[in-house]
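Following are the structures in question.
After this come two complexes, each holding chain A, first together with chain B and then together with chain C.
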Partner chain A sequence: MIKKEPSMDAQKDLLAGYFARLGRAKDEGRPVVYTFVPGNLVELMAAFDVAPVYPEVNALQSAMRQRSSGFIREAERGGHSEDVCSYVKCDLGMLAKGNVGPTGDTIPPPDLLLLSFTGCFTFMKWFELLREQYDCEVAMLHVPYVGDGVVTAAMRAYVVEQLQREVIPKLEKVTGKRLDLDKLRAQLARSRQAEEDLAWVFKSARHRPSPIDAYFGGVYYIGPIFTSFRGSEDACRYYAMLRGEVEERLAAGLGPITPEGSLGDEKFRLVVEGPPNWTSFRDFWKIFYDEGAVCVASTYTQVGGTYERGFRHDPANPLESLADYCLSCYTNLPLPQRSRILADMVKEYEADGFVIHSVKSCNSFSAGQLHMLREVERLTGVPGGFIESDLVDARYYGQANIKNRIESYLQMLHARRTGGSVPPPPRPERVHLEVVP
Partner chain B sequence: MRLTTCGIDVGSSAVKVVVLDDDGDGGAELRATHLERIRRRDPRVVLAAALRAALATAKVEESDLAYVASTGDGDVAEGVRTGHFYGMTCHARGALFLEPRARSVLDVGALWARAIVIDPRARVLGSRMTSQCAAGTGQFIENIARYLGVRLDEVGALSMTATRPEPVSGICAVLAETDVINMVSRGISTAEILRGIHESVAIRLAKLLRAAKGGTPVVVTGGLAQNPGLMATLRERLDEGGGHTEVLTHPLSVHAGAIGAALWGAFRRRKLAAGLGGDGRREAAAVAAAV
Partner chain C sequence: MTTTQPTIEALVADLEARFDDVDLGHVRAWKDGARHRLAVGCLPVFAPREVIWAAGALPVFVRGAGDRIETIRGDAYYQSYICHLPRSTLELGLLGHLDVLDGMVFPNTCDVIRNLSGMWQTSFPQHIVRFLDPPQTAEPASAAAYLHHELTTLFRDLCAHNGVEPVPARLHLAIADYAAANVVMRELAAARQREPWNLPVDEVYLLKRAADSMPPRDWADLARRYLAAAAARGRKPEDRIRVCLVGSFCEQPPRALLRAAEKAGCYIIDDDLTLGVEPNGPDPLLGDDGDPMAAIVAAWLRTTRPSAVRYDEHGTAGRILAERVAAVGADGVVFAAPSFCDPALLDQPRLTRVLDQRNIPYTSFKYAENTGQFQAIREQAGTFADSVKLWGTA
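Let's turn to the complex of A and B:
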């Protein structure tokens, strides 16, 4: 039986409620806006009371319910190549089969496709395909690449200007409402409150043993704040509850919760780069917790906001704050900075090692990861591990192979740590090898 | 005090079992080795048969064993083993036992290969492993041998008779197999095809060892260590561009993992007896029950 904490049920209820409300959105007269997680403008959308849809969240939720393979096959029958991002194919396959979402509720068609472009070219092509399917408004926010790792005033102004000239007018058009700036500020204030609690939860992994798994557990923690709940009372309540649970675990000296209960013996502390595999999520996680490996920090949990690194929404400067949020999106950062973030995490969380999970689908994450591996090894002196699979295409996930590689990697970390505690070297004169098979 | 221990290495194509006496000071005497191919059978049944055979050869009862150490796919040995040890440290220990000068180990198994850099006491200093592709592995050579209708134990020697190896993809096993089909249709001799296959595997293994910064001599462990054609090609590839890497094998190379496990088991048993460690009450209880 899977072990759960109250916050896990609360998170599940939030998500189920979200899909149920989405199914009613048209009946309730709420316009529907499709957008993506990285650089999402959920506070702005909430200020207009629209219903947001995140196609990549639908895809991963479908995958966790073992429904993505059928959707992907459907999209490939429609002519999409095996090389196309599996999130895209899962979404297009779902659309072709009636757009019934992961919980069984029908996903309503969009009134607006709002593309916040934070470096993923595939997102742009994805919405081009959806635009062919739906006769609806399209708004594109071009977020410039932060090539030097520094957000400049000009970049911020460029994004704010697009919000004012392109995004807000489109939202006003589809909703028939004017932007209520006070409502937006209130949303941002609540976002900030939840962000404080989430950042505290992630920082708790600095303790030994870590009370959380910041990757496998972390993907549950980020669910509400990365999507439609940021800025809501529900999110504030959820993150306060989560923080309370983690505080209790910390006080009791407990390790992270896993599907099989609390991890008793923290043998390895790891930093992880890259998204997880969703089709075999539990099996993937098990490889780590069976070996006593705890993920104390991860970069994937920063794609929807770099809260651990200090970012907070600012109600005093709403549009500038939204611009900074989009600009600092993890996958919008250059490889040297991403490598430094990983190296800093290894040091801050006193990790024994770091693992890069390279997914076939996501170029935004995977391009340059082998270079990052070498660079982080150079910066930290800690050896890295490298594994490959995919987001939601089960065909690219090989349990035995990944298990083998992770175990080998952990063996190496273990061997480096054991120091002098090894058997004596052989004395050839006293070694007898007469037995021949 | 000498301890009789058993090492079990559960691989993807065979289960290897050894029984040895360890004197605790670098001396050991091998009493039995047994290799049982899995051949689509339940690995637990295979393991039980291999264990019975090894104990019979060693003329010991299971209750005489001070420690039963598993490595590889250890879940298969659940219920039989006293404790489990990492494959890499077992192969390192086993390789050093077979060749005390070893400074790196190439463990070439059925489904993957691994380069391990070790110090004079077999501490693992670094490692590199093949990626997901089957290129560079034992299963790949086995598949090609089956296509060509050659017995696996003849593959190495036959490849050495070739004068003009036919190059095949060293990156992708599927591409390499396509290459082979094409070669057969072009009338290329079996020996030349096999030589090309060995070249592709050797190139991959040499890259792996260089990436791990492995020192010389290198001891090859795992099933492919018995393939003279591969060893000859590997030596050539490693010495390309100057320098010399000594490549060593041993008739017992395929048992290196199991030997290493048995040696680690004796070490752990002594530590537990001395009250110095072991990392679990369950293991200590198992030892107490076994002794």
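Let's turn to the complex of A and C:
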């Protein structure tokens, strides 16, 4: 039996504590704010002591607990097309069934809908639908898409002005408090500290063997910093602990932890583009670790901040820093830049290949990925793999098909490298890993 | 000397020829007509026509290829769950049909068109490629300042590329040109609502699609000739219901689908097929500061017609649709959205809830721009029309 690392327990406790606090928010007089993960303003929200809710986190957590299919069916019975985003339908279905969250606690209704419209057009439509359900304040933050790959002064000024004229006044209204700029700066300073540690953890994958899996393990690592905990003491402690553990693994020459134990034999190093499937997350992961494939870098772990690429919050310029954060999230970048990031990661992490996981629900990610595939192959000379499923709609996940494609792809990589046959997969020791993304 | 009024058959034949010319020969001819002329493609839905025109460039809406060409290469770039418009648009570009264009403007209509802008940058480096993210915020001062900056940058860059001076006078003229076209566009809307039997949907559609790629005053002249010829037809009304078509603002349905719906018993008297070339609110009006760009910005922000790609700030899109149905005298609504179109499909439940509350009948179906089978849609539209005629409801 492999011992779980303390950071796993710490992360599980963080998430459980988050949902418990959320359940008490109304009793404690804390206003509840619904918002989205990419480009979220958690430091600003924390400065007002509000309780944030992230609908897409509820959706993915529901999917990992096999509850999303029922919610999606509920939404489709309500008139939503099978064609549209399953995150939206999962959330609306959950709402229609009483808004009971993934941990069984009822999610309190919002006092403010804060739409930070970053990197995904569908977010806007999602909030229009949510607004129909609630009689509450609404704040819209339009974050321009960085179409030319350059954050301009005009874009930054536009976002900062909206923060000053729209978002902060609405937060002041629902909380009855004035913004404490020093409190916001302190939050941002702690964000920066945690971001340093997280970036270090991701960059540790440049070593051979990589001590982490930056995609399947990475989604656990990003959980706190992408959501409610960025800027908190808890996040600083968690990321310091995580970094310490990874340092130890690195020193010991250990591979990443999988649900079946440490991966002992790193056979393939891969970069992954696109979000994972959540309904069969462990089965999906198993396809990779059974073959000794380690994901040494991923783009999904940059949707809530490009820390690995160097972004840090800046307490000296709080509002400008929040604007830069929103503008620079991965899905707010144009495809040529996204392709270059992928290509750079293939080189920096000395990857054998890259896999694009295309999800039906997310046009922000998926539209153009076949073009990216060609571009990254052109830029790196490395062949890419392409697989398809969905975020939280189990009807679009086909284990056999994906397994077949990944195995074939890895065989091709192996043959390309050696000209020989594929080695047998490693047999890691079993361990129970908590589901706490 | 007398001028001969063209027959309506000749006018429609000309419109069809324009529509079918995927190489945009008429755009080429216009460019060749004088120096300092560019052509700039615009993806749906909204594009800054006045600004592009002011820079000496003809705005050319690119709404996919429809069923006019077979999409082969474009399909290789998209998964099965992505709509069809970007595939055929790429196909047009890759096959050289868009070579007459000097640039492309991609408005933030959805994530698919957004990402297509990046693909275009890589695939067509000879084009000026601009992504335009019009403000979606409810905060007007910030929105105006940002949009003013974005449009001024576009204007200056296009002027520089075209070798002309970016002077305000050019914007004043462009505003006047499009105001002239808007007058006729409003007359067209009124005429089809008044006498849809004289203005079949297919012809109105061809006429509006001509506005996609014609100089505004030329189009206004053409449209006036069509209106005069259509009014002279003297057809008798048929026993059909009157409907608004909603949800087709980006990827276009095949013309045959529009004809099928009309022949099945629905006069389509209002639609959102070509929102970008129609007045969606007041025309730009010069303010005290005399800044024409500020007038264009203010007009954009004052847009009164909701669409799925504009933030519905007050949650009133359903109510406004219901009021539009009443204003144009429609009996019901036909929701026709392209498959996998998030903006249109996510809007439908919000809109239909309001229609339900007001007992306005509606029906809905999906299509792709190259759909080739219309029997099911014809039957559905026919059943809808019969139900409304018999019972006043769907």
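Points to keep in mind about this one:
By definition in this document, the second predicted complex is superposed on the first by the 414 of 437 C-alpha atoms of A that agree within 3 Å, B and C clash if a C-alpha of one lies under 4 Å from a C-alpha of the other, contacts with A are read in each partner's own complex, and residues count from 1 in each chain.
In this section, a residue touches a chain if its C-beta (ideal position, glycine included) is under 8 Å from a C-beta of that chain, and two chains touch if they have at least 3 such contacts.
What you are looking at is a predicted structure, and each value in this text was computed from that prediction instead of being measured.
When the two structures are aligned on the shared chain, A:N58 is found in touch with neither chain B nor chain C. By the touch criterion defined above, A:T122 lies against chain C but remains apart from chain B after alignment on the C-alpha atoms of chain A. In the overlay built on the shared chain, the residue A:S228 is in contact with neither chain B nor chain C.
Applying the stated contact rule after C-alpha superposition, one finds that A:G398 touches chain B and leaves chain C untouched.
Residue contacts after overlaying the shared chain place A:Q411 against chain B, while chain C stays out of touching range. Once the two complexes are laid over each other on the shared chain, residue contacts for A:Q187 go to neither chain B nor chain C.
When the two structures are aligned on the shared chain, A:P383 is found in touch with chain B, with no touch to chain C. By the touch criterion defined above, A:S328 lies against neither chain B nor chain C after alignment on the C-alpha atoms of chain A. For chain A, the partner with contacts to more residues, out of chain B and chain C, is C. With both structures placed on the common chain, the touch criterion links A:T306 to neither chain B nor chain C.
On chain A, the patch touched by chain B and the patch touched by chain C overlap at residues 388.
Residues of chain A that touch chain B in their complex: 265, 383, 388, 398, 400-401, 404-405, 407-408, 410-412, 414-416, 418-419, 421-428, 430-437. In the complex of the two chains, the chain B residues touching chain A come out as 23-35, 57, 86-89, 92-93, 96-98, 100, 111-112, 114, 120-127, 129, 131-132, 250-252, 254-255, 263-264, 266-267, 277, 279.
Across the complex, chain A meets chain C through its residues 78-81, 83-85, 88, 117, 120-122, 124-126, 128-129, 131-132, 140-142, 144-145, 147-148, 154-155, 157-158, 161-162, 165-166, 334-339, 358, 360, 362-364, 366-371, 375, 388.
Note for the complex: chain C touches chain A at residues 76-79, 81-82, 86, 106, 108-112, 114-119, 121-123, 130-133, 135-139, 141-143, 145-146, 149-150, 308, 311-313, 315, 339-343, 345-350, 352-353, 366.
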